[in-house]
Each structure stands twice: as C-alpha cells, then as structure tokens.
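The same chain A turns up in both complexes below, where it pairs with chain B and then with chain C.
Moving on, here comes the complex of A and B:
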C-alpha cells in the first residue's frame, strides 16, 4: 500500500509534540532575528567609520564569526564558558545569544555595504542643507539603505531559521529533534515513519520560510515602484 | 550695495596639487556672480569651501560679517547658504514635497504645515505643484534639478551656490533649468553660478570670474569679457567653444 504509515501524522499526540518543538524553533529564531537586525543596524553604521579603532575590532569580530562554524560557537558558549566563567545559561539562552551575535555580524556588514554604496552626493546635499550627521543617517541614508537591504536581510533571516536544528546539540528539543524522537518510538511498528515525519517537517520549514520570501518580494516591488 | 560674501587670498591644495592659488573676490547682496573656466580649474572646489564641504588651507572667507573656518558652526552657516549640485541629488525615498520640507522641519524646527506651505509656494513658482506627491524617479532630469533648487530655497538662504547644475542635462532640459535661474535672479537672490554654458553666463551674471589653474585670471562684466577677453588664456578658452559651434 503506497500510503501506509501516514496515520502517524493524524495522531493528535504526535502533532502536539511537533507543535511544541516548532514553537521552540520559531521562538529562538524570531528573537535572534530581531536582536540581529537591531544590533546589526547599529554596528553597521559604526563600521562606516574608517578609523582603525573601529575597523580593526570590527574586522576581527566579523571574520571570527564568519570563519568559525556556528556549531563551534554554540559549544564554546554552552560548554566552554559555562566551565570557565561559571555561566549557567540554558540551551535556549545560549542559542539566542549565539544566533544574535552571528546574525548581527552578518547584518552589520550588509548595512555597512548598503549605506556605503549610496551615492556620496546624497550626504553632500544633505550636509549643504544644514542637516546634522545623525539626522542624515536617520532621515536620508538609513531609509534608502533599508530598501536595498531587503533581499539580503530576508535571506539572512531564513538562514537563521534553517540553522536552528544545530541547537539539538546543546540539548534543545526543537522541531527536528521531536521528529527524531517520534520516529525512534514508532519505527518498529511503522517502517515508513521517517518518511512521513521528515516530510511534514519539510513542509513546516517551507511554510515558515516561504511567506517571508513572498513578503520580501512584495516590499521590493513596492519600493522599487517609488 | 552691501557685501555679503568676501573671499580673500584663498588657498587650498590636495597633496602637492594646488587647487586654489590665492582667490580673491566678493559678492554684493542681490547680485549674480558667474564663474567659468576649464574642468579642473578649481571652480567647484571654490564653491565647496564656501559652505565648508571642503576645508581650505589659507586666506579667509567672510560671510555676512562672520569669518568662516575651523571652529565655524557649519550647520548654522549652511542653513543660510543654499547649494545645488551637478548630479541629481534629491532624496530618492522621499516625495517631492518631503524632499523640500525635510530641512526646514529638521534644521529650522518649522511646523510641518508651515514648511509645506513654503514648499508649495516654491513648487508653484517652478510650475511643479502638480508633482508634490511624485517620487524623484518619476521626474525628468530638468524637473529634478528644479525641485533641488526649490529644496535649497525652502531654507530661505541669503545666498545660493550653483555647481554646474545643467552639466548632465540635455539642451532642452538645461533650458528649463536655466530659465528657472533667470527667474530667481530677477527676484534679487544673491547667487554664485558655476557654469559651462557660455550663452547663459553672458545672459545672467552681473559679474564674471574666469578661472584657470586655481587662479582668477579675469574679472569683469560678462558683456566685456565675452566681447573682448583681455588675456591670452581667456581667448584660448573661449575659442574652444566657438569651434564646437
């Protein structure tokens, strides 16, 4: 029978457990994305300074985040710092901190690149009108940079969402881990359980990321019409 | 006539390259000064030193009785000096009306309604009041430059600086922008106009500077300059335009 084993998806208990896992995934991803975007904006604007006091720490920070895999950062914060500094963070806190730092670094570089790609005359003419530097960033540069940032920052948000399964390794039971647990429990009685559960998780990730992609395309179309 | 701007022995270098080599001139209130010269002669840099977009190395600039230089509150000075550039420099994310009201609201702390009223009067003057809610990308090059002029005028400046504002426009659009400048000159706005349009330089200015290699080579009434340039360098410069015609 081609669809045998599909009943695993119709067991309310299974769905409830997957839902709990999903909430963990979405919560960690959403909080991390918000922090990443906020801190990324601030760090990105600061990183426009050509001073060595800014550029050297900024480049070290950015490269350290990019070169070292996220999983190493998660282990370092969860196991390393816990021992060394006596921090006793939960897996979820660690996940949010690490993903926020990672996202902020990537976002900062997007913001920096986006603002510095704006024509110099935008700043010049704003200065000539008597606007202060802070007003120029707030009312002239950042609003224009944000419009250019949409595609890349949406891509970053979906990358953060897709990286959440790594959290399993620091004891967090997110949606993929719940799926594995369900499969392990049912595999003897339902050999096709892996297909159905992973298939459902596939659909769930798609349903989270697809609307974000649609939203980004809408915003792009709206702003490019201006 | 009272003097509003005086530049004395102004000097500026970029590294070993001397851009301004002892410039002297003054502008009286209500007058139009035209500056012409070959590309790279320092005329744009000269304009940019007047409102502090470019620092200078020596000499002095006196604007409305105040010596400008290091320590000047440039924001305050700039709010009295309007400037329009060669490149289209409207804020692309803002509608025409918001482009014009941004500085009056943020710099002069005007109420939105008051700033919009000033903006609408200016838009009517340049006959673009029907474009108040358009975004810059919906405007032609000539319309953008006219809005840029209105944006600078909204600050009610004492003097306006124009830096080759028709250089990237085709002849028809230059025409409409130049007409806007002539109308502005007729209102007795004090203006310094850097231009490549010789016919226009002849028509608009009360006074003309011909610059070459960082120096003022000739100064006089535009009519006299074009009829009988006194220096070899000016004759050579003007002959290039005749060849093109």
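Moving on, here comes the complex of A and C:
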C-alpha cells in the first residue's frame, strides 16, 4: 500500500488549517524581509564610514546579532522583556522585530561589502566628473552594488523564511507546527501521516522560495544584459 | 501628587530592571484580576495527544484541556472563557515567569528543579514505568524478567532504572519505533517505557498488553502557576479536592484517555482529588 494514509491530504479541514499556518509564516517572513532590506541598506551605507563612532557600534551590533542564536533573541524579546520591562508584545510582533533586526544586520554587512568591493576608480572618476558625494552613491555606487547584492540577499530572504519554525517557541502556530499537530492527532490511526504532511510542507516551502529565486535570476539576467 | 507618582514610577522601573519579580505581574494573575479580565490564560500542548492536542475541527482537546475547561467553569462560570496558549516542553516555565499565562496544564511533571521556578498545585495525573509484553509470555511483575532480555530506549528513565537492577539483560535501542519493532520480533521478553506510552501502544497492537505499570518512582503531574502566586495555587488545590468528590479525574480519563489506552484500570495513571 504505497499510498496508504495519503487521504490526510485530501481533508479540506486539514488543508484549511495548513493554509492558516502558511499565512502566518508568509506574513511574518514577508514583513521581516521588507524591514530587514530597508534598514539593512541604510545601516550598510552608514557602515562604510571608517570613523570609530560608526565602526565600534556597528561591529558590536553585527557581531552580537551573528554570534547569539536567533532562538535566544526570540526568548529574550518575548519572555525577558515581558518579565523585566513589562513589554507584553504579541508573539507575532516579537517575531517580526527580532527577524527584522537580524535580517537588517546581515543585510547591512552585505550592502557594506558589495559597495566597498567596487573598484576605487569608480568613485575617483565620478569625483573627477564633478559629482557630489550623494550623487556618487545614488547614481554610481548603489546601482552597481545592488546587482552584486542580489544572490546574497535572496539567500538571506530564504534563510529568514526557513527560520520561521523557531517561532513556535514564542507560541506562534505557523505552518510546520500545524503539520505536527495534524500528524500527532493521527499517530495511532495513520502512522504514514508524517510522510504525507512533511511531504506537502516540503512542497509548500519550495513554492514560497522558488519564485524569489526565479525573480532574482531574471533581475540578474536583465541587468547584466544592460 | 505629581511628584509622588513620578517617584513611584522611578521605583517601579528600578524594581523591574533589577530582575526582581515585577509588581505589575503579581496583579495580572491574581484571582480578582482574572475575574476582571473575564478569561483564564492557560498554556497547553497542541501536539501531544491524548493530553493536549488540536482535533480535526481545530479545537483544543485532551486530558489537560478537559481540566482547563472545568477550571474556567468553576472560576468564571463558563468553560469557554479560556485563552489557550500553545506551549512546548522547553518554554513552560518561561510562560509563567513572564506572566504570559496564569496556569500551565501541559503534562508538567513535578521535579525539584522546576519547583524552584514555578509553584505546582496538587497533582491530577501520574506517570511511572510500565512493561508491555507478548500475551503468550506475559510479564506481570518485575521478577518475571529475571534471567530474561528487556528492551529499553537508551537514556530514558526506564533505561536508568533497570540498569541498576541485576539479573535482567537490557537490549537498548535509540528509536522508539525500532524498540517496538524489536518487541514484535521477539528480541526481548518485554519492553519498558513510560506507562502512558506502552499502554497506548498495547491498545493498538493486538496480542500485547501491559502487565505491570507502576515501576520505579511514580512521578506526579500537576498544574503550575507563577512562583509566589499562592492565591491561585490554593484555589486550584481546593478545586481539585472538590472535583475529586465527583470523580472528575475518572470522567476526564473516560472522555479523553480511554480511546487511546483501551480498557485499562486508570488507577496507575489518574490522581483523584489531588490525593497523590
């Protein structure tokens, strides 16, 4: 019976619940990615400054976010802030805040790296043409940096999407948790449920991440042709 | 007056930052505050049947949920006046300490480490080690295992317990599914694991039954409240005693656990009236 247990996928109630979980996953990931990219661009440009007043706080921020696992940040913001400061943010708000900060730190470093990787003569030539600093960034450096940025930032976006299952520890029911609820509720009557539900979730994650990858490939192709 | 409230705010901020239990949190889960709010905030599992799980209609169900609903009915007059929060084994203590829920009802075994951080009420359930065996060669007591092989899962309480006994050869597996398959294949006279798990498995597998279900330390499972919330803990204790008079734990067992465990005597599992 190679397909036994597959009926769990054809129950409309199960699919509706997976759909609700999927909406939660996509909503949190999408809002976080937008904030991460916006703040990351701004912080990344600021981080090009060699001043100690910029570099010391920037490195502290970046390393703190990178070294401490996301799950610890989630616990700190959700449980720690509620206990110490009385901030009773909802799980979803906490998730968006933590993922946005994490994403912004990673994005900032990608932006900083891609701009500083541009050859120095680009800036020198622009200066020789009489462009102001702000014009150099706006018309010369950032457009080129964005192209270099695309593969890495798509990677960051999919990482944010794939980290959403951690949110279950701050009481959020996202798509993977719904899947586990469905599997466990059937543990005695449908031992194959895990295979089918995880199989469907595999497809769902693919369907979320694949369009982003396609979009990035299109943009790269379009810009490299120019 | 204005100066005074500013001063009070500074004091409150210092207390909050110093890591002491915040004063505001005390008020939020007092019985008066819960009644004013109009609903109980209770943390339950959502994927651990038959204790706390979500049914096909998306509703919370299970033994823990059955008690939660009754608590809401006793305190607020309506069993639906509950906001269920999904919990995981790893965050049950934090949910209470941060004041996000009033009560945790999530198959929470009482241990000395946990009791330092939360206050446990009287138990409503208990768990021990059980041995499931083939009906052709039943294991009715621990002595029946002398000189025989016993299947255990590495690192579990059953593994630790039987490692200390002599005369029983242990056959160890890493995966629960492998261990049960080994029992089917006759690689041991019995399999030892949490009583709740072996009962559920035996109920689904004809020809096997749990001959002994109260081996080792019997661990109490109890509702928990935030450390220091004696008012709510005492209310739960009084309510459990009161519910014991109508055999509520047995009703909860029949409604939620029986479909999983079959026709077993619930005495090895339920605790009536908080009387452990």
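Quick notes on this structure:
Heads up, the rule we're going with is that the second predicted complex is superposed on the first by the 226 of 226 C-alpha atoms of A that agree within 3 Å, B and C clash if a C-alpha of one lies under 4 Å from a C-alpha of the other, contacts with A are read in each partner's own complex, and residues count from 1 in each chain.
Methods note: a contact is a pair of C-beta atoms (placed from the backbone, for glycine too) under 8 Å apart; a residue touches a chain by one contact, two chains touch by 3 or more.
None of these values were measured; they are calculated from a predicted model.
When both complexes are overlaid on chain A, chain B and chain C end up sitting side by side without clashing. When the shared chain is aligned, chain B comes close enough to touch A:131, but chain C does not. Judged by the touch definition given at the top, the superposed model places A:140 against chain B, while chain C stays out of reach. In the superposition on chain A, A:173 makes contact with chain C only, not with chain B.
Contacts of A:184 after superposition: chain C is touched, whereas chain B is not reached. Ranked by how many residues of chain A each touches, chain B and chain C are led by C.
In the superposed model, the angle subtended at the C-alpha centre of chain A by the C-alpha centres of chain B and chain C comes to 160 degrees, rounded to the nearest 10. Superposition on chain A places chain B within reach of chain C only down to 49 Å, the least C-alpha distance between them.
No residue of chain A touches both chain B in one complex and chain C in the other. By the touch criterion given at the top, residues 119, 121-122, 124-132, 135, 139-140, 143-144, 147, 223, 226 of chain A touch chain B in their complex.
On the chain B side of its complex with chain A, the touching residues are 51, 53, 75-76, 78-79, 81-83, 85, 87, 89, 91-93, 102-103, 106-107, 135, 137, 148, 151-152, 155.
By the touch criterion stated above, chain A contacts chain C in their complex at residues 11, 13-14, 17, 75, 78-80, 82-86, 88, 168-173, 177, 180-181, 183-185, 187-188. Interface residues of chain C facing chain A in the complex, by the touch rule stated above, are 16-17, 19, 21-22, 24-25, 46-49, 53-58, 85-88, 90-91, 94-95, 97-100, 200, 203-204, 260.
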